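The chains carry the letters A, B, C and D, assigned in the order they are written, with residues numbered from 1 in each.
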Amino acid sequence: MEITAELALEIAHHAARKAHEIKVPVNIAVIDTGGHLKLFYRMEEAYLGSIDIAIGKARTSMLFRMNSEGVGKFLDPEKRTFGMVNTNGGLVAFPGGMTVYRQGQIVAYIGVSGGSLEEDFAIATAGSAG
Amino acid sequence: MEITAELALEIAHHAARKAHEIKVPVNIAVIDTGGHLKLFYRMEEAYLGSIDIAIGKARTSMLFRMNSEGVGKFLDPEKRTFGMVNTNGGLVAFPGGMTVYRQGQIVAYIGVSGGSLEEDFAIATAGSAG
Amino acid sequence: MEITAELALEIAHHAARKAHEIKVPVNIAVIDTGGHLKLFYRMEEAYLGSIDIAIGKARTSMLFRMNSEGVGKFLDPEKRTFGMVNTNGGLVAFPGGMTVYRQGQIVAYIGVSGGSLEEDFAIATAGSAG
Amino acid sequence: MEITAELALEIAHHAARKAHEIKVPVNIAVIDTGGHLKLFYRMEEAYLGSIDIAIGKARTSMLFRMNSEGVGKFLDPEKRTFGMVNTNGGLVAFPGGMTVYRQGQIVAYIGVSGGSLEEDFAIATAGSAG
């Protein structure tokens, strides 16, 4: 099942509504299961530096089919996985990247950046849930 | 005047409507006057290779504040400006990148890729005109 | 339909058999529809510089869902598509990259490099046909 | 002694058999003593993010002619070799990259990624031992 532009807009819409609700300007990226950009949306006042982070979180989530902070666990210094963070052109492994499921399977990945870790996570969750 | 997400959506909406009308699946990118991505929208069946081209056209247009094919004129082999095409991370200088004016000034740039040069130009024009 | 390792091996096997038959040492890459490497095989004496070319041909084919030389037509100097060759990290748009169809749909892309354009094309065709 | 495609296939075959046995889908890379890719094999369900890690582990092992976790010891924060991890395009220095000896000398390097550090190590060992 490939993500449609309509579904991507719906995901971004739900994420943006949550962002407006909690008053946090963010960047929202939606990518397909192969890692290619499907939709991107930047709210007013969102950090420019968060554009790349939002896309990076979605991409990191896609690369390991799990939330970005799940990938972050692999990078824990105690794991001593020296250099893993620099693979794949750079992993962005903290909250805000997330799988998007529909009908039991992953159809896309969302990445959100601009707020605190908790805010980005909450906004991505709102988008992912739809 | 900074582009708003609302205006970016409007630009993309007009471009996408034209694309649907002439049945050409494209990627549409809208960037701000600083060159940072504001909105991106990929239609179903649009080439994955056109994602980068759409963004590149908008960026090329921004770098010289003119349509992308206008930049192409600088790159004409007769000009002997060898290597200019490789500056700025690579120029993408053929039709489909365009200035977006509102109230007499440039507020954004649009880049469209996926169809023929004429189709991309027509779709970008529809988005730019609003 | 996602490509299996078994199918990827079969594709590479048919390509390599053809390469042995016409005595041309090549590199063979098979990537999935999202552009991610599935299988790579380098024959003895194949050029090291052709590793990247084989992968690049397959990737170029994937980006536009057509044979790599089909993408090459877009790059014809007469088209004046200045800079397109440098998009997507660099297109490799000459014969040897090819779609792989099974049951009416694209399941993978093959890229072959090491021989002449005609030889690479013939070897990729043998792999693609299966 | 240069690695042959036949030996590379044998190494990957033994690694994949072990991976199937312990039910861990992985990416397997075999590179020659100059660091050039000879064979790559991705099992179904293996993480896409592990493609680059598998190749990176083999490459890291090659660069210092030792297992990848051996290189990791140089990167231990206590060593204060700040920045070494960023050399050579990025080192990937944790278990799963390994020398492959035949007749007393190194003929290739294998890199495995997709499972836990212990699983990747076990699978690489199976491939290396042949």
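In the analysis below, a residue touches a chain if its C-beta (ideal position, glycine included) is under 8 Å from a C-beta of that chain, and two chains touch if they have at least 3 such contacts.
Given the structure is predicted, the values throughout are model-derived calculations rather than measurements.
In terms of the stated touch criterion, the partners common to subunit A and subunit B are C, listed by label. Averaged C-alpha coordinates put the centre of subunit A at 32 Å from the centre of subunit C.
Chain centres here are Cα averages; for subunit C and subunit D they lie 25 Å apart.
Centres computed as Cα averages put subunit B at a distance of 30 Å from subunit C. For subunit D, the set of residues that touch two or more other chains comprises 48.
Viewed as a contact network, the protein chains fit none of the simple shapes, being neither a path, a ring, a star nor fully connected. Remark: subunit D residues 2, 4-5, 8, 34, 36-44, 48, 51 touch subunit C in the complex. Subunit B meets subunit C in the complex at residues 47-49, 52-53, 56, 60, 72, 75-77, 85-86, 90-94, 117. Subunit C makes touch with subunit A in their complex at residues 32-36.
Considering their complex, residues 35, 60, 62-65, 71, 77, 79-84, 86-89, 91 of subunit A touch subunit D.
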